[in-house]
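There are two complexes below, and they share chain A, which is joined by chain B in the first and by chain C in the second.
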Partner chain A sequence: MLELFSYGDTGWGDEILMGLATTMKLAVATLPVGMIIGFLIAFAAMSGIRAVRYVGVGYTTIMRGLPEILTLFVVYNGAGLLLNSLIKWWNPEAEGTDFSPFLAGVIALAMVFGAFAAEVIRGAYNSLDKGQIEAAAAVGMTPQQTFWRIKLPQLWRFALPGIGNLWINMLKDTALVSVIALDDLMRMTKVAVGVTKQPFTFYLVACLIYWVLCVLSEMILSRMERHANRGVRRA
Partner chain B sequence: MIPMDPSGPILSAIDIRKSFGDVEVLKGISLDAKKHDVISILGASGSGKSTFLRCLNFLETPTSGKVIIHGDEINVQNGQPKMSVPIEDIRKRLGMVFQQFNLWTHRTVLENVMEGLIHVRKKSRGEARSIAENYIERVGLSQRVDAYPGHLSGGQQQRVAIARALAMEPDAILFDEPTSALDPELVGEVLKVMQSLAEEGRTMIVVTHEMAFAREVSSEVVFLHQGKVLEKGTPDEMFATPKSEEFKRFIASM
Partner chain C sequence: MNPIEIMVSYWPRMLDGTLMTLKLTILGALIAGAISPWLALVRSHGSLIAQTPIRIYVSFVRGTPILAQLFLVFYGSGQFRPELMELGLWNFFRDPFNCAILVFVLNSTAYQTEIMRGGIQGVNLGEIEAAKAIGMTRMTILRRVIFPHAYRIAWPALSNEIILLMKASALASVVTVFDIMGRTRQIFSKTFDFSIYLWAALIYLAITSLFVFGWHRIERRLNRHILPRNNANAVS
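Presenting the complex of A and B:
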């Protein structure tokens, strides 16, 4: 039994660890991209300019209505085509390249993450205390200083629980990329099952690994929340 | 810059008008504050006291009128302000203390007071710290410099808010009902600090419902009624011989 998970040619331990590493890389790369999309969309949706506001609200509405896996296919296939036609337009002599499944995964997951993060950020922004913002203006802070020094730290506090949930969802959604031939934890597990015909063992291990990732995330998140809420009187 | 007359006002508001939609809530208010003046603004709820105070530091933009602070003039017509210096330069010369304290909840007492010193007054951290500690001591909270606002009583929070305003060394401080949100037993500690500021010669404009403060501490009382100055004068003459029926009724209701 332990042989199954040993390192090297006979066991699947190394393949599964590689898969885990890919899963982690994917999630960690998606987070910042998704947050940036989230902020851009949130501020677009709150913009004073109507056209910009429509873009922000429309983006969230559309992304929330699409199954994640469809977004992934659209990005993988569509963006690949787009990229290649751009390359062709730039230089007709050039060879077409393959769109990296990793990049497609990051983009698709970040697009979904960003749509939901935008909602979280918008909610957090609306719960900021107007009085504290006025106090910043009243001491003579510029709008930029007020944003970076007063609004953003408090926004973070209100948004953290929601963003934490999105992170955990996204961590699990990374499993979807196995369908576009990215060797993540899920795909390596399936390969191992295919070869060894031991589905129960390998799927159980995969379950355990995803579960441990989620529990670890929850622990880190609750520490971050405690830190963000320091000094706030509990009701 | 207009040359300063040392005995002239350091803050003047001239014919301030403000409408929200079709409703004109300030109907041409003028006010001069000279150095060391303590001006109490009285008036019934909805008479426009807060709106007027907020027009002085442009938290609210008047519909029309003129504000002159320390020689810098902001002229507003049709809601469009014309100013020679950025609005931040005006605001840092006018401290403001709010009814709801409005301390920054993610910053400690010390950090609340240092914030403006570092980022607006551009002081070094060390210098900001010693100035902040000095003013925190001034309001009697040296023991609590590292506390977060959420762990302080309302009276303590308001004293920190006063220290935050004082630390910027403003030309004048605006107070909007600084004791109205406090439990009755905490009002005294805040009024005591305000009284000591008045005795120090700070220029203050105070919207208040505390008649004792208006009567005993202020140098001038202004009574607003429906967006207009109905009466003004020294507290002695105002309270001894109120001229308008409205002010008589107002005093009687207090």
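Presenting the complex of A and C:
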């Protein structure tokens, strides 16, 4: 049993670890992109210009209503077609290329993450204490100073629980990229199943690995939350 | 082909897929909805020994991708084929639709249990004491006091969960169930026309919007005794 998971040519331990590395790389690459999209969309949804506000609200509404796997296929196939037609337009003799599944995964996951993050950020922004912002203006801070010194540190505190949940959801959603031929944990498990004919054992191990990742994330997040709230007076 | 033409020639398949998505979602949500209140009761009032397996189950389901759970049940059951055949269960697990429903029920039950636990714990203790004081039996208290309150509290969160389930049902296409996503991929692989994906998105959004609208109507009905009275004409 255990030699199935050993490290080396006979076991699948190294293959599964490599898949896990791809999964982690994907999740870590998606996080900053998703946060940037989230901030942009949140500010768009709160904008004073009506057209921009509609774009922001429309984006969150649509992206949150679509299955993640549909978004992934739209990005993967759509961007692939777009890229190929661009190449054809540039150089009609060129061969068609495949859009990188890793990039498609990052873009699709970040688009979904960003839509949900925008709502979290917007909620956090609305929880900011108005009096503090007025106080900042009263002592003569510029809007930029107010943002960096008063708003952002507290935004972090209010948004952290929501963003933490989104991180865990996104970590689980990375499993979807196995469908577009990216060698993540899920796909390496599938490869191992194909050879060993032990589907239950291997998929159970994959599930357990994801479970450990999620539980670890939860533990780290609760420490981060405690740290973020260290200066808050308890009732 | 332009976007209109592709829908004109493929609408029967897309309709078929839409019905499959609705079937997966509604069946999954209903079965989970029948199980979860009882698990939530155990989770909020049961002994620690009864609570522990539910906690582990909920944590496992929430900590693993649905796709992995689907593969675990659909492909994993093959590893126990002789045993399942002996029990007469092999025909059940051979069908991808059954496996998908089983996974969605297991999944939604875990999430709904947590939501209902919140609802049950949100019921005012004074009301339960009052019900006991006038001599209601435990079942009557559940039926008349705890569940009506708990559902009122949990209602908006349950709607989120059902929308999540509807979105998750698209994963069934990976194990060859022909829902909206499955049909869309099938049509795309035949025509290479990208617009079918946009149609699929439109159908998903339409389902979500209609569902949110209907759910909100029921929510108003559940809360009709505490709605603001100022437009009495609208509430009837």
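What we mean here is this: the second predicted complex is superposed on the first by the 225 of 235 C-alpha atoms of A that agree within 3 Å, B and C clash if a C-alpha of one lies under 4 Å from a C-alpha of the other, contacts with A are read in each partner's own complex, and residues count from 1 in each chain.
Heads up, the rule we're going with is that contacts are C-beta pairs under 8 Å (C-beta built on N, C-alpha and C of every residue); 3 or more make two chains touch, one makes a residue touch a chain.
This structure is a prediction, so every number in the text was calculated from the model and none was measured.
For the composite obtained by overlaying on chain A, chain B and chain C can both be accommodated side by side without a clash. Touch criterion met: A:231 reaches chain B, while chain C stays clear of it. Between chain B and chain C, C touches the greater number of residues of chain A.
Seen from the CA centre of chain A, the centres of chain B and chain C span an angle of about 100°, rounded to a multiple of 10. Once the two complexes are laid over each other on the shared chain, residue contacts for A:51 go to neither chain B nor chain C.
Touch criterion met: A:199 reaches chain C, while chain B stays clear of it. Of the two partner chains placed by superposition, only chain B is touched by A:138; chain C is not.
By the touch criterion defined above, A:129 lies against chain B but remains apart from chain C after alignment on the C-alpha atoms of chain A. Once the two complexes are laid over each other on the shared chain, residue contacts for A:74 go to chain C alone; chain B is not touched.
In the superposition on chain A, A:154 contacts chain B only, with no contact to chain C. In the superposition on chain A, A:181 makes contact with neither chain B nor chain C. After the two structures are overlaid on chain A, the closest C-alpha atoms of chain B and chain C sit 25 Å apart. The touching residues of chain A, when paired with chain B in their complex, are 129, 131-132, 134-142, 145, 149-150, 153-154, 157, 230-233. Against chain C, in their complex, chain A makes its touches with residues 62, 65-70, 73-74, 77-78, 81, 168, 172-176, 178-179, 186, 189-190, 193, 197-201, 203-204, 206-207, 210-211, 213-215.
Residue ranges on chain B touching chain A, taken from their complex, read 57, 59, 86, 88-89, 91-92, 94-96, 98, 100-106, 108, 115-116, 119-120, 147-151, 161, 164-165, 168. The touching residues of chain C, when paired with chain A in their complex, are 59-60, 62-69, 71-72, 75-80, 163, 166-171, 173-174, 181, 184-185, 188, 194, 197-198, 200-201, 204-205, 208-209.
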